[in-house]
Amino acid sequence: MKNTLRQVFHSGKFVAGFCIFAFILLMMIIYPLINPGNPLERIGVGTFAKPGTYVSLYDTVDTETETFKLADADDKRLAKILSDSDRVSMVEWLTQAEVDLTGVSMNDTEKLLDLWHANYDDSIRLKGMTKAQRNYYVRLNNSLNNASKADTLTVTDVDPDTNEVVEKTKIQKTDYVNVGDVANTKTLPLGTDNFGRDVLKELVSACGTSIMIGLIAGLVATFIGLLLGLLAGYLGGVADDIIMFITNIFTVIPSFVLLILISYSLGQDQRGATTVAIVIGLTSWVWTTRSVRSQVISLRNRDHVNLSKLSGHSLMRIIMTDILPYIASYVVMAFILQVSSGILAEAQLSLLGLGPKTTEVPTLGLMMNWAMLYSAHLNGSWWAYFPVILTIAGISFSMNLMNTGLDQVFNPTLRD
Amino acid sequence: MKGYRKYFTKKVIWFAITFVVALALNFILPRLMPADPVAAITGRLVSGSSDATAAAKVYEHYQEEFGTNKPMLEQFWIYIKNLFSGNMGTSFSQYPRSVNEIISSAIWWTICLQLPAIIVGWLIGNLLGALAAYIRKGFDKVLMPLSLFLSSIPAFGMAVILLVFFAVNLKVAPVSGAYGFDMIPNLSWKFIGSVISHYQLPFWSIVLISIGGQAVGMRSMSIYELNADYVKYARFLGIKDRKIVGYVFRNAMLPQVTGLALSIGTMIGGALVAEIIFSYPGLGSVMYSAVTAADYPLISATTLIITIMVLIVTFLLDLVYALIDPRVKAAQFD
Amino acid sequence: MSKTMLEVKGLTTKYITRFHEDVYAVDHVSLKIEEGKSLGIAGESGCGKSTLALSLMGYYFPPLHYQSGDIIIDGKNISGMKPDDVRKNVLGTEIAYIPQAAMNALNPTRKIYKFIEDVVKAHDPKQDEKTILEMAKSRFTELGLPLDSLDKHAVELSGGMKQRVVIAISTILKPKVLIADEPSSALDVTSQKMVIKMLRDMMDRGFIKSMIFITHELPLLYNVTDNIMVMYAGQIVERGSAKEMVFDPIHPYSRGLMKSILVPEEGMREHKLAAIPGTPPNLKKPPQGCRFAERCKYAVPSCRFNSLPMIEFEGERGYRCGHSVQHLREVYQHEE
């Protein structure tokens, strides 16, 4: 046993897979400690907030400021306001107004603005320009003027006694606050989802639930598969015929279809994460049965098994001491595969809208489902779905690697 | 050829039994549940929908057509009879469209998308796996983990990634559907062009997914065959390496046909979900909208059709395999 | 004085393991076979006899590598030749091989006559298929094999038939030397006899000019071959005529090997079953002195340090042991 383990951990592929999986598990344990709370809590009111650090605007007003004179501050400010499409529109207007644009590059903010301020006049009517387009240029011009004009921004407040608007503070262009001094900041490494929930927190929790679903599904499938495989292989005869008949039927009928039928029939209210996991397990035992059976058949007539039979050992004892230890490696490999395919099955079911009910826990599949329902993939909110795909692929990959590693240890011909 | 006829008959009987079991499961599973799903759904429809009379009409229609108020055995009989007369009921959500109509318009999209994609993926995967086994060294070191990683990406994940990269960001492919949304199917070049451009992303996402798993399987199989005794013997008879590699890959490839037959059920599941991502108008999308709209007759029919499709493909692969691999011939035809 | 068909001088080959260690499985082996003669090589499994069979072919692929020595077939030294030359002009035509596991030696998905075609064309691409088929047919008839087996796949043949078909295929090009690596060990007694009869028959008819027969059953060789060599840990430890080796083995290992199998043959006294205790040494680090010393009950301390040359005695015989022939004979006599 010890020797086998040492051999297994000598396999580079197994160790690589094991490390990835251990990392994912570690994240699942550590992250909720750093960032506790309900993963389904809606912290955002809007949908799909970008990843990054958010600073409370309200708090910054009262935070002590420092003055920095940074040469490129104005340019940066402008560049932020002026999007690429705005630049294109500006160039279009200037061309239409027959301004000489030779030697002006689109990215040259300063020159472009100079030309704009020198030539733009909202009274000029250009040919073929709709009212909406004209309004757009007026808006653009205003925001550009605002950005370059005022050096201070006045913050006002309403005096509760007199109901008068009073000046509260003046903010200079050169005022800076230290982020550490601001009372409220929130870092959302993966932004928020369509419901305004912290994606990373949700992902960590979903990852845990999905792995649990995979484990339960794997255990159920392995248990059924092992039991049927042992019975069919060891008993042979009629028992074998019946079991293999059933197994063959369920090999051909797609398990995905059975999953859909059962999940649908259960109804949304009955589908907790555990139930879904058990249903997945119940529909995916055929492969384990097949491989266990063929292993047992090859073992059945070995000398040590015959010796046990002659010594009058009970069926249970023969199976436990003379058969199970020899097929353990196959069972473990089959179990690992079942876990990863269980996670995948949950994700596919959830995408169809047949996953666990949505109010209790997030799962990787549900997160994917929500992201797709709210078209995260079409509106550029990559953080809502890409980490989910990556996590599913990462878990499967780590398990496939471990399996390949084990396979190479136990089937020496596959070694490099 | 006498042996083959026997084998053929055996297979036909076997698949007929499987077909009956599949039918029975499709019929019984939803009815085994605590509440009659049809009643439950229509109940929900009646209470929640403003068009309560329409829902009641749907339910009545359904009850009449499928005899849901009669005993179980009789219901099954009606179900079978309806099925063989080609009647799969009326859709709840798209009333009064018949389920037949909805499915027959979707099924060809699915077949034309998935069959070529799975075959191409199988071929490329096997080729790469064989090369990895033969060349080993660097090629293998890169290809193996890559294939393993590819096969770990879920089909819908691959679909989303391709969609975002090529359709949303690069804008070289359309975002959804099987043809331009402003088109009516006809045989013009413009329409065919549109179909082809819409076909690319769903097709390649399924191909990429199947490549990984097939390559890994083929590699193991080829390595196993390369170490076989007959390789050594053929070498010592002076046969050229190129010829021997031909033997090996033929022998390794043949069991992969069975592998394909056995895994086609699993692959279809993933590929159907990929259809949803692209709003491809195949069975996957039909199933999705049926689930969303709680359209029970439609769900039941889609699952049945998918099962039948998988059964047919598996059956054909079994027959072909027995013809091309003499090892099966020897084992099965006696 | 007849012609020398195969002469091997100081052949050394090694396996290179996954961990880049060298394992010398054939260590300075020399042997000689004349036309019309056969040589038996005996030894336990793991002693290097199968590797010797592979090494004699002069065609190496990983993990087996050539180290040094010469292989001369009918006056032509093949150890310096390019691998593709060896493949085209030596394998099958000069020297041929019958593998240990004939059960799996044939490509299961290729018909026998197609495979024969591949073999012939590998050496002479211009041969047309009809001629090859005719040749195969006449050869199968001569060897008493059913002609319909030509049109079958290997999986459709029985075990004994497969072995005989393999022998027919190996000798289809009339090689000068045939190396048979335990061709009969996996078969039942009847098939075994048929295979051995077939090999002798082919020698008589001149389909092959000489033969090396490898087995772990030394007594079996008495009936089959003219001369016998015993191998241990990659080295030849004794050689002599079949009769001498069976009735008067000198090296303690040959004697143990002779005794370890009970064969009730005519002219032989009944032997007690006396397996040799222990296993062959690890060839990654071969012992410094006599390689058998660890298991030899006659070993004295000096055996473990002095490396031994092959010592010739009584004409053609040779052995590799620290004790003198006379001493060993006395000890053996005393034991009985």
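Should a chain be cited, it is by its letter among A, B and C, assigned in written order, with residues numbered from 1 in that chain.
Throughout what follows, contacts are C-beta pairs under 8 Å (C-beta built on N, C-alpha and C of every residue); 3 or more make two chains touch, one makes a residue touch a chain.
None of these values were measured; they are calculated from a predicted model.
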Q. In terms of Cα-based centroids, which chain occupies the most central position?
A. B
Q: For the chain pair with the highest number of C-beta contact pairs, give its two chain identifiers.
A: A-B
Q) Any idea how many Å lie between the Cα centroids of chain A and chain C? A) 63
Q. Using mean CA coordinates as chain centres, what's the chain B-chain C distance in Å?
A. 55
Q: Give, as an integer number of Å, the spacing between the C-alpha centres of chain B and chain A.
A: 26
Q | Multi-partner residues of chain A (each touching 2 or more other chains) | A | 416
Q: Using the touch definition up top, name the residues of chain B that touch chain C in the complex.
A: 228-230, 232-240, 243, 247, 250-251, 254, 325-327, 329-331
Q) Inside the complex, what are the residues of chain B that reach chain A? A) 14-15, 17-18, 21-22, 25-26, 29-30, 32-33, 35, 37, 40, 136, 140, 144-145, 148-149, 151-157, 160-161, 163-164, 168, 175, 216, 220, 223-224, 227, 262, 265-266, 268-270, 272-273, 276-277, 287-288, 291-292, 296, 299-300, 303, 306-307, 310-311, 314
Q. Within the complex, which stretch of chain C touches chain B?
A. 57, 59, 61, 87-88, 90-93, 96-97, 99, 101, 103-110, 118-119, 122-123, 153, 155-156, 166, 169-170
Q | Residue ranges of chain A touching chain B (in the complex, touch as defined) | A | 248-249, 251-258, 260-262, 264-267, 340-341, 344-345, 347-348, 351-354, 368, 372, 377-378, 380, 382, 385-386, 389, 392-394, 396-397, 400-401, 404, 407, 413-414, 416
